[in-house]
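Okay, so chain A shows up in both of these, paired with chain B first and chain C after.
Right after this comes the complex of A and B.
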C-alpha cells in the first residue's frame, strides 16, 4: 500500500511486492488447493464419503488455466512491470476467471464421475473449493478498494460476474452436484420459501420506514425527545433475536384467541405476525438514527438561507433537508435491509417460514446440502441488497460529488 | 424604505436588541456594525422575520411586516449570507432561480433573469451556469449568493456578513462590485459587518450598535469627525482615525492649482512643475524632503495621483517617495493640479 512512502518499511519485499493482500490470498488459495479436498464422493445423501484432491478432479486444460490465471495474479501483485491502475483491472478480470474455472471444474468433475456410479451416489464441494472461491471474491473486493473506479464500472462488473455465474447454473452444468440434486427434490417448496423470505423482509421494511422516518424527523425537531426515543430503541436492539421472537409469541396468541377475527387476519402466536413485529422493532433504531443524523448533517446556514428566501417549512423539508439527508438515510436503509434478510432466517424457528426453514430442517437431519440451500441464497440476497443500496447511496449524493 | 420603531428583542429577561429606532431611506446603503453580541445580526433577521421581535414595529415600504405571512414577506426581500448558504445539490442557475421559482415565474422569464444576473456579476463568461457550488471559488460562490438574493428584483436587500469568509483580496473585489451593483440598481441595502473599513467603504449610513442599543446613526464622514461618544471613537479606532477619514476623501477634493513652467527656472512657489509641450509633468522643482529647495526631481509614474484616488493612498505615496507634493493627472496624463502635504493638514471638513 503506502510501503514505498515509508522509509522504515522499504525492505526488499516491499520494493518487489505492491499488493501484499493479493499475495496472501494467492498463497492461501494455492495452499488450500494443494492440501485440502476439492470435492467429496459419497455413496448416498447422508453418508460421509471419500475426499478427492484437486489434481484428481481437474482435467488437464482446467489445471493449466488455473495455474495460468494464478500466475497472472502473482505478476499483478508485483510492483513491476504493470502500472498500478492496469494491475487492478487485471486482478479484477483474473479473479473472476479463476472463480468461474473453479466453479466449472467442480460441475464438470461431478458430470464425469457420476456417469458410471449408482443414482444415489453424490458429489459435493470440498473445503478447498470454498477457500478458493472465497479468495477470488476477496481479491476482487480488494482490487475495487484500491482502484479509483467509478460506480458505473462497479455496477458493470457485478452484473457480468453475477450474470456468468447465473448462466452456469441455468445451463444445468451443476445439476449432478449433490446440492443441486437436493434442490431438485424441493424445487417447489424452495421457490415458496424464497418468496416468503422476501415478503417477510419487505413487510418489515415498509412499516419500519413509515414509522422510523417520521420519528427521526421528530427527534431532529424536538431536542427533548431524543433521549427517551433513542434509549427505548436502543433497548429493543439489545434483546437477542430469538428471545424477542419467543417473547412475542405469548401476547400475540392471547390476542388471537381473544379476538378470533384478528386470528383470521394472521395475528396469532406463531407465524408471520410476531416475525414482522420483531423485524420492525430491530429496524427502527438504524432508520431513526440515520434519518436524525442525516438531517443534523444539513448545514444550518443552508436551512437559514432556504427560510430567508421565503420557503415554507414544508418546502425547506422536501427541497433542501430531505435531498441533502438522503445519502445518510439510505445508508440506514442499507443496514436495515441486510440485517432483516439475516434475521428472517431466525424467524423460521417460530414458524414464519423463509429460507431459514431449510437451514433448521437440514441441521435436524444432518443434511448439510439442505443447510447450504438455505444459507447460500440468504448470503446472495444480502450481498445483492447491500450492493444495490450502496449504488443508491452514491446516486443520491448531489451530482458532481459522486464517487 | 425600512423603518424600525422602538424595536426590541428579549430572550427571557435579557434584551438583545433594546428600543432601536431608525429609518433607512429608499436607495440607502445602511451598514449595521458593532462588537460581537451587539444585536446587529438579530436586528437584521427581525426585518425578514427569521427572528420574531418582542416589541416595537418594523415597516418595509410603509407596511407593517406582521401583516404579511412570513414567507410572502421574505420573497419580497433579498437575503444573502456567507457562501455556505448556497444549496449544494442545485446548480448555480437553480440556486439563483430559487425565489423566482417560489414565486412561480414562467420558466422563460426565469432563464432570462438568471442570464441577466450572471452578466451583472460578470459570471456569464466563466461557464458557471451549470456548475455546482462546491466547484466554485469562494469569490464566485459569494457572487452567486448575492445574485440569488437579487433574483426576484426585491426593493430591499438584507446581507449578513456576506464577505466574512473570503480572503482580503477577493473581499476587496467583491466590495467594489457590490458598490457598483448598488449604484446601478438603486436597491435599499441593510448590511451587517464587524469590519469598520468595510462599513466606511460601502455605507451611505452607518448604524453603530452596542449592547443592543443604537449608539450613533450617521453618514460615515460624520461618524469620523463627530463621534457621539468615547465608545464610537474607540470602536472606529482612535489611532488611525485621521487615516480612516482620508480613506473616505478623494484627491479631487484636495486638488489645487499647480504652478507650472516650461524650463528649469525656479519659481517663487514652494513647488513648481516642469511640464512638456503637452502639459505632462516632467519634474518637480523643489518640494523634496530633506534636500535643498533647489532640488529637481524627475516625475515617476508611481508618484502621481488621479482625481478618483483616495487621499489615504495619495498620502501614502507622498510618505513612501519622500515628497511633499504629488501631481494630479487627468486620463491623458496632463497636469490638472497638485495635492500637497500642507494641503492635507490644512483641509478640514
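Right after this comes the complex of A and C.
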C-alpha cells in the first residue's frame, strides 16, 4: 500500500493543513473558551458560586491578544505561508504567550471584581481555564517534538516558561484568586509540610540506594539469586501503598510499645517511621532492577579489555562497569524519585505529614482550594523531578551518544 | 534457558497463585470467624472486627470499580494506541506518547483529588480518576507493542495480499498482545491501589475499613482491610503474569 510511504493522505485538507495536531488543539481550546465557564464567583470560601464566561471576564485588550495569538497559531498550522522550522518556533512562542495571557486574565479578573464585592468573596478558576492552559501546554510540547530540538534548548524554554509564570505569582498578580487567599491563610504550615514532603522523599531515597545498588550488583554476579530477589521486590511493589503503610503501623506500634526507648526515637506506629520504611520497600525494585540491567548492558568485551589491561576487580567495577551503567541506574533513580513523591501523598493518611495532609484535610472539609494546594504542588514537584533527572540521564551518557 | 530451568519456577508460581487465591477467598468470606483472634491480639479494642459492612460486599464493590474502570481504560487506550499507529493518526503519535509519559509522573492520589472538584464525591470521581490514570500505561504499551512488530513481517503479509484489517487482526495484534497485556497489568494493579484511596473521597472499597481504622485509631480494622487489598493485588498480579506468559511466542519467558 502506498499509504505506508506517504503517511499523510493526499486529501484536500492534507494539502491545506500541515499540522493537524495543532488544529485539533486550537479547536478544543476555542470550543472550551466559548462553551465552558472561565471563572467562578462565590460569596465565601465554602459556598458554591455562579459561573463567569470568558467574554465577561476578559478586558478588551486581553480579548484582542487572545484572538490574535490564536490566529497566529491557525496560520502556523497551514501548509503554505511559513516554512516548517519557522512555524515550529512561532507555535512555541505563541502558545507560551497564550498561556501567559490566560493566566494573566484570570488574575486580572479577580483583582477587578473583588474591588467591588465583599472581602470574603472568592474568585476561582473555571473549567475553560484548565482546558485552555492544557491545550497551550500540549501545543508547546508538540512543537518541541516537531522541531526535534536538543536538550539544551528544551531546558532554556522550560526555564523561560517556568520563570514567567513564577514572576506572575511573585508579583502578587494572583493574590486575589481564591486559591492564593487559601494559601495566604496557611502560608507557614504550607512551607512546613512542603519541607516535610521533601525530607520524607529524601530520607527514603538514601537507604533505598544504599541497599538497592549492592543488591543489584549481587543479582548481576549471582544469577541464581535473581528469580527470588525480583519476585520478592515485585511483591512489595504490587501491594497498594495505603495497605503497605497501614500494615507497617501495627508491628511498629508494637515495637514502640515494647521498647519505649525506640518510641522516643520516633519508631512508633503512626508518623514518619512506617512511611519511610514503606517508601524504601517500594523504591527497591526499580533501583535493583536498573542497577542489574545497567551492569548487564556493559559489553563483556569492554570488561575483558579492562581486565587485560591489568585492572583489579575493584577497578573494573568503579572505572568501567559503574560509569557505563550509570545512565540506566540514573533512570532507575528517576522512576523511584517520581514514585516516592507521589506515594508520600498517601503517607499523610498515617500521620507522616507532607503535602498530602492538605489534600485529605481539604477533602474532609470539602475545601477544594485546599485540595488543589496539596495536589498541584505535588504534581509540579513530580514533573520537575522527572525533568531534572531526565537531564542527568542525558548528561551521564558518554559524549557523542547524547541526544 | 533450558526447559527444566523454566518450568520449575513457573510451577511453583502456579502453586503460589492457587494458594494465595484460596487464602484470599477464605479471608473474604470468613474474616468474621477470626474475631476471637483479633480480640486476643488487641484486647483493648472494642469492636475488634469491622462490622459496618461485610468484607464480601466491600471486596465486590472494590472489584466492580476496578473492573469497570479497567474495561473503559483498555478499550479507549487500545483504540487510541491503534489510532496513532495507523497512517491517518500517525501525526498524533509523538504527542500522545509524551502525554502518556508525563501523565504517569502525576501521583495517582493527586489525580484522584483533582477529579473531586469536577465530579464530586463517591463512586463516579473515583471511577473517572481510575479511567484517566489507567489509560496511560495501556496507550503506552499498545504503541510500544505495535512498534515491536518487525517491518519485514508486515511487508510479507502485504505481499501475501492481506488487507489492512487482516494484517491488524492476524499479525499485529497477536504479536503485540504480550506487551499490551503487560500495560493492562500495570494499569489494573495501579487501579487496585488507587481504588483503595478512593474511600477517602467516599467510594465504598476495601480502603473503607483502613481509613475508618486510621481515623478511629482502630488497628484491627486497618489490618483487616490492608491484608485483603494486599492479597487481592498480589493474586491479580500473579494471574496477569501467567496470562502474559501465554502470549510470549517461544521467547525464553520473562526475566524473573
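By our rule, the second predicted complex is superposed on the first by the 396 of 403 C-alpha atoms of A that agree within 3 Å, B and C clash if a C-alpha of one lies under 4 Å from a C-alpha of the other, contacts with A are read in each partner's own complex, and residues count from 1 in each chain.
Quick note on the criterion: a contact is a pair of C-beta atoms (placed from the backbone, for glycine too) under 8 Å apart; a residue touches a chain by one contact, two chains touch by 3 or more.
All figures in this text were calculated on a predicted structure; none of them were measured in a lab.
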item	value
Combined model on chain A where chain B meets chain C, clash or fit	fit
Touched partner set for A:94, first chain B, second chain C, both or neither	neither
Touching partner for A:136 - first (chain B), second (chain C), both, neither	neither
Chain B versus chain C as contact partner of A:238, first or second or both or neither	second
Contacts of A:145 with chain B and chain C, given as first, second, both or neither	second
Partner chain(s) touched by A:252 [first = chain B, second = chain C, both, neither]	neither
Which superposed partner A:304 touches (first chain B, second chain C, both, neither)	first
Which superposed partner A:114 touches (first chain B, second chain C, both, neither)	neither
Partner chain in contact with A:323 - chain B first, chain C second, else both or neither	first
If touched residues of chain A are counted for chain B and for chain C, the larger one	C
Per-pair minimum CA distance [chain C against chain B, superposed on A] in Å	19
Set of chain A residues, in rising order, touched by both chain B and chain C	none
For the chain A and chain B complex, residues of the former touching the latter	299, 301-302, 304-312, 315, 320, 323-324, 398-401
Residues of chain C that touch chain A when the two form their complex	9, 13, 87-88, 90-92, 94-95, 98-99, 102, 105-110, 113-114, 116-118, 121, 158, 164, 189, 192-193, 196-197, 200-201, 207, 210-211, 213-214, 219, 222-223, 225-227, 229-230, 233-234, 237, 255-256
Sites on chain B touched by chain A in the complex	48, 50, 70-76, 79, 81-82, 84-89, 98-99, 102, 131-132, 134-135, 148, 158
Interface residues, chain A side, partner chain C - complex	1, 3-4, 7-9, 19-21, 24, 127, 138, 141-142, 145-146, 226-227, 230-231, 234-235, 238-244, 246-247, 249-250, 253, 269, 338, 341-343, 345-346, 349-350, 356, 359-360, 362-363, 366, 368, 371-372, 374-376, 378-379, 382-383, 385-386
